[in-house]
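Note that the chains are named A, B, C and D in the order they appear, and that numbering of residues resets to 1 at the start of each chain.
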Amino acid sequence: MNQSLQKYVLLIHARDELGLIYKITSILYQASLNIEKNSEYVDKEEGLFFFRAECSLQGLNQQIPEIKQQLLNILPQGSMIFLEECKRKDIIILCTKENHCLGDLLLRYESGEMECNIKAIISNHRYLQKLAERFEIPFYAVLSDGLSREQHETKLLQQLDELGGADYLVLAKYMRILSEEFVVHYKNKMINIHHSFLPAFVGANPYKQAYHRGVKIIGATAHFVNENLDEGPIIAQDVVKIDHTYSVREIQKAGRDVEKIVLARALMLALNYRIFIYNNKTVIF
Amino acid sequence: MNQSLQKYVLLIHARDELGLIYKITSILYQASLNIEKNSEYVDKEEGLFFFRAECSLQGLNQQIPEIKQQLLNILPQGSMIFLEECKRKDIIILCTKENHCLGDLLLRYESGEMECNIKAIISNHRYLQKLAERFEIPFYAVLSDGLSREQHETKLLQQLDELGGADYLVLAKYMRILSEEFVVHYKNKMINIHHSFLPAFVGANPYKQAYHRGVKIIGATAHFVNENLDEGPIIAQDVVKIDHTYSVREIQKAGRDVEKIVLARALMLALNYRIFIYNNKTVIF
Amino acid sequence: MNQSLQKYVLLIHARDELGLIYKITSILYQASLNIEKNSEYVDKEEGLFFFRAECSLQGLNQQIPEIKQQLLNILPQGSMIFLEECKRKDIIILCTKENHCLGDLLLRYESGEMECNIKAIISNHRYLQKLAERFEIPFYAVLSDGLSREQHETKLLQQLDELGGADYLVLAKYMRILSEEFVVHYKNKMINIHHSFLPAFVGANPYKQAYHRGVKIIGATAHFVNENLDEGPIIAQDVVKIDHTYSVREIQKAGRDVEKIVLARALMLALNYRIFIYNNKTVIF
Amino acid sequence: MNQSLQKYVLLIHARDELGLIYKITSILYQASLNIEKNSEYVDKEEGLFFFRAECSLQGLNQQIPEIKQQLLNILPQGSMIFLEECKRKDIIILCTKENHCLGDLLLRYESGEMECNIKAIISNHRYLQKLAERFEIPFYAVLSDGLSREQHETKLLQQLDELGGADYLVLAKYMRILSEEFVVHYKNKMINIHHSFLPAFVGANPYKQAYHRGVKIIGATAHFVNENLDEGPIIAQDVVKIDHTYSVREIQKAGRDVEKIVLARALMLALNYRIFIYNNKTVIF
């Protein structure tokens, strides 16, 4: 990127009011922040306004705090404003035994498609250590043998803290349930891939549930994790058709292809500042 | 169809055993029933064998009972055998207010795509009477005003009986819950379209549920009706992608296109003798 | 709709410039045109700016010409501005023998889902006259027997003129090729459904071509008609999976379901002023 | 697998005749080859019969040649019979610069999902050498600098011969056109992934073509390679929706996800003996 042409992202989440776009773009225009791309959405039922712009700025960014203040002045009270230079986010990946989601992320990372820093891979098993090493990413086994959930999560948090935390934790088929106490540390910062088309088949063994229910389509759901298992805001979903000839194992196999694509898609939306969360839902720009 | 070349369907549902296909095709071969198309499936977990063949027979069909007996002789005890000349099935459509599923079926009927006899359309409202009349199909309003569920279903059964019943009842957005007592009369003979991707969002207002859950995909499910609401064997499903900009009304609109296609697809599978039901699931050939 | 609260659509297609959104929304804000929904898109390669807003106006609309003038003043030379009160558009449907697209449009029309006026149905055959009559839409047979293409198109234009023309002609499986001379009269105002996933299988018999090529997916494409057969701007496309067991007839059958959905979707986009055309492509808001 | 219970695949491609299934299964039954799964398909237009069975055999396989002879005796002249014990096939992957297809295959290989032996990776560049090494697969650079197509292909064939050849060559985004002279050596044994929904956008830069045509859906096609570029028998296809906001680069990105899934799916069909080729089409069981 050109040193003197920096790219910024502006995110606004406010109560809806007449003239918001005019007022916002007026400030940006006067500040010579050039809008390269912008999107708005109004949830009429709730009276909420969402705005996202990618801007470029010729020159120094000393005015950024000032621009934020000007925006705050014209926006309704209680508005959320985010205005920062785009940067590569730090992520830490949690995984267990299956290699498809982790491997897919690593390949995208290696090719430069996924613009972030993978700081580390943490697992409750050693199965995927070799894969991490193949791609030269630090691997930490935080084993759970003989530990209570609480003890294990304490160790996990310690490990995360030692690593300096991350902008996002990516649960790439991390097969342990996380307690409310853990989740609170990374609220809206953990992206999980659930191996079903939520809200169908919440809980354990969704592919087995799908097999026994005889569904003709299965899916995968990437969502932010909140206190309630499998009930956080949905970011992305996709599906694949199956039929009666699929065994549980074949359903799993078909599902894995959807899982990895959906997880990567969701993560890339997050890395590009394209997700708003409200009312346990997402707005995706 | 040529008068002297009749088309038969053979359906077999049996315990799996060594050599079943050989034994079955041996009998068909000796009887000069020419297999035009056949399919088998073995559910290994359950040890069940499913076989479907479309056959043609040169000459008289007097041997059909004899062939059935021969098949019974070589099949395991308790096998189900169906061997009949293909015929147009009688259907009766139940509907309420929305015209898209009913209309779609009527158009397919008129073009000759849907090979059956629509004997009648029954509704608990008068909204769709005009549409029925446009296509010259007898319409019967069985209104529910002031009636208990039991009383209304009694009237509905009377109406169905007066019409001589049907091979299939098609619930084309029939928006009343049917009691166990009613269902038993048309067990595995009622095809319903549920406006969600079952088992997600069972029950009322699935589109509203989908809106509030913030899903990124919605779907529709055609299924046989059993005693438990929305839990019968699934025949066909399909989905359509949505995003946060869709209001409940727009989700409904998008959903209607999936509903009508999925219902028609399921009905045509039934009309073509292509569905086996077992363990609350379907095998579709 | 409330008498004193009118709904307007603003469409702008201009050379891209710094500050366009600010300048446009500034004018709207001062004119008390309340933006209910807006979308922008910049084609960076071509340096083009597209803007669409749905606005509501409290009070009289006498200022509309004035607002348009103000917009013209601040927009780059050569900009296209459309600002009008939303209205139901007039459409005329052309068809031939197949009933699925026509019937689907009529059902949506009857239910109120498709907000327009269907002024007439014109066909080069009489097959669909009855269907038109069922829905009480004027039907005109403009037969081509014994006529040259030129003669037939002259008659067709006469018929269209007698009917007072239409905002859009919808070619709902109208199976005659239209000459450049005809097309020029309804340039970018004719929506056709092509029974393939364009640009695959242009020309005649696409399903037969698909069968012989052994594709595993077929599709349908709704597009504006231009001088070059099947090469106009694409509005909507969708697909359905097939396999080797599908005969040409079964491919057609599967294709019909996609055709009717895609055509209706495209038409509704047009009726809602949601399509820009440029460089033989579309921007869909 | 149990030593004394071996798994066989039987493939038959013959002129269609009355009683083929009976005659075939009769021989299998008498030989105590237990059919675990079978599929048939008759192309009525061409009068061709396709049969595939997975069988298990208790005991020694000395009778296999005898069974084949018995099948030959009862099948029409010119029939193709394949009856062999299932085995892991040898594959060699050809690639150029992009890592997504190669990496995806390597991950599936590592997890045991893709049952084959990857003997080597050959590339006309060194970009993917490191990825090959990460997964410990022999990598051979057969560079084309300063060589004519003929010279390069001669070197490539030499390299393949030195490696002892392979059951399948997988072109995982191998971006060089192969001459007829080369293709003849691996006719119907090379699986290519073409980055478009064939037959749309044959030739170079399909994503750029798709961008300029303004399509709303893009796809990928896995096919066997024959003498005519991009015109070999199609094995698998899939698509993904795009819209006007996608740049060529974003179309490519979206396309890559489809490419890798479709290529892997096609390869797994081949590895499982599930593909028949005839008339430049495939039958997939």
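Just so it is clear, contacts are C-beta pairs under 8 Å (C-beta built on N, C-alpha and C of every residue); 3 or more make two chains touch, one makes a residue touch a chain.
It should be emphasised that the depicted structure is a prediction, and the values quoted were computed from it without experimental measurement.
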Higher-contact pair (C-beta pairs counted), B-D versus A-B: A-B
Centroid-based (C-alpha) most distant chain relative to subunit D: C
Centroid distance [mean C-alpha coordinates] between subunit D and subunit B, Å: 37
Whole-Å gap separating subunit A and subunit B, where each centre is the average of the chain's CA atoms: 41
Residues of subunit A whose C-beta touches two or more other chains: none
Sites on subunit A touched by subunit C in the complex: 18-19, 21-22, 25-26, 28-29, 34-40, 42, 241
Of subunit C, residues touching subunit D in the complex: 41, 44-45, 197-201, 212-217, 219, 233-239, 243-245, 247, 279-284
Touch list for subunit B against partner subunit C, complex: 98-100, 103-104, 107-108, 110-111, 113, 131, 134-135, 253, 256-257, 261, 264-265
